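Remarks on the structure that follows.
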Amino acid sequence: MMKIEFQLTTHKQSEIIDITESVAKEISKSTIKDGMCVVFIPHTTCCVCVNENADKSVKDDILNTLNALIPRDGNYTHAEGNSDAHLKSSLIGSSRILIIEDGELFLGTWQGIYFCEFDGPRKRKVVLKLTGS
Amino acid sequence: MMKIEFQLTTHKQSEIIDITESVAKEISKSTIKDGMCVVFIPHTTCCVCVNENADKSVKDDILNTLNALIPRDGNYTHAEGNSDAHLKSSLIGSSRILIIEDGELFLGTWQGIYFCEFDGPRKRKVVLKLTGS
Amino acid sequence: MMKIEFQLTTHKQSEIIDITESVAKEISKSTIKDGMCVVFIPHTTCCVCVNENADKSVKDDILNTLNALIPRDGNYTHAEGNSDAHLKSSLIGSSRILIIEDGELFLGTWQGIYFCEFDGPRKRKVVLKLTGS
């Protein structure tokens, strides 16, 4: 098994960044041909999901709809002003498990991996754990 | 590790299909007695979850409540008219990881695996990745 | 691979319980130094997520906001009166995959593992599946 970390910098409070290429590159560089890859976000106000990265409007729709459901300035008890970010991250989830096939990241035709920032801008880490042979 | 694909056809725009038996059968047919199984959906407008499959009304409640929160005809920028499907899939998630024990799929008494279609009817694929010994 | 179960008792209808220590202890006791751990909830009205456990107000905000979006007394067809619990569990998810590094559970500084009860009080089980070497 291998653990790999990489960093990214977000530039807005709420932002979706396509990390598909970064994850795919780390998998290609590894010796694992047949396996699984955990994408794990070690933060509590951002998260990871898999969705369409062909049309950037999908990103805007995800952010806007989440903001409508869970507004930044809702009625929360957590004093740091970022409760919405904790909630969105809890719902979408801090990890995804992906398939490695023929030494490459396996995804559907239109799928990409989205890093979702809900309390930026910040420096963030993404942790990968690869298993297989 | 083994990668297995199977297909299914959805018949409605919004529909939940119980795929527990299909997944369980593939696990039983494999040589893996002790392991894990990733259920991965290689599409961006459908997804997978685990919930009660004893009473079919649970399926209706999931679909109806999701539609109330994220309506089909909401105010979206993505031009294909299926933004709600991208959103629902991002929230619920495109994969689940399950446990293989004694050569069988391990689930709680009332649990089943649900394929959730939000932009059908279509032909869809489900990808399994099994690991273990 | 190892499968481990532990029990917990919830005391309210809707409640978040921090199970980080219980999971971490089982991982530390195992012989696995480098691996992955599936946290699986074998029930359909509770679930697991990873979020901030430093400030308990985050728990309250998660429960309150979920209740506002998916109310207990909404207009559901499932006759048992706990449709909201099925929905919340489906959205958040019945499993999470975590990383084992240097024989310990790997989490970000502020992260903890939350067992989310939506239809208590009850006796519940948490199932762990550990893989690695």
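For clarity, chains are labelled A, B and C in written order, and residue numbers in each chain start from 1.
Keep in mind that, in the parts below, contacts are C-beta pairs under 8 Å (C-beta built on N, C-alpha and C of every residue); 3 or more make two chains touch, one makes a residue touch a chain.
Quick caveat, the model's predicted, so the values are computed rather than measured.
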Neighbouring chains shared between subunit B and subunit C, ordered by label: A
Subunit A on subunit B, rotation in degrees - Cα superposition, rounded to nearest 5: 120
Fraction-based call for subunit C against subunit A, same above half, different below: different
Where subunit A and subunit C are represented by their mean Cα positions, the distance between them in whole Å: 20
Contacts with 2+ other chains: residues of subunit A: 69, 91, 93, 97, 131
Interface residues, subunit A side, partner subunit B - complex: 34-36, 49-52, 55, 57-58, 60-62, 64-65, 69, 91-93, 96-99, 101, 106-111, 114, 131-133
Complex contact set, residues of subunit C against subunit B: 1, 3, 38, 40-45, 69-70, 74-80, 83, 86-87, 89-91, 93-95, 97, 125, 127, 129, 131
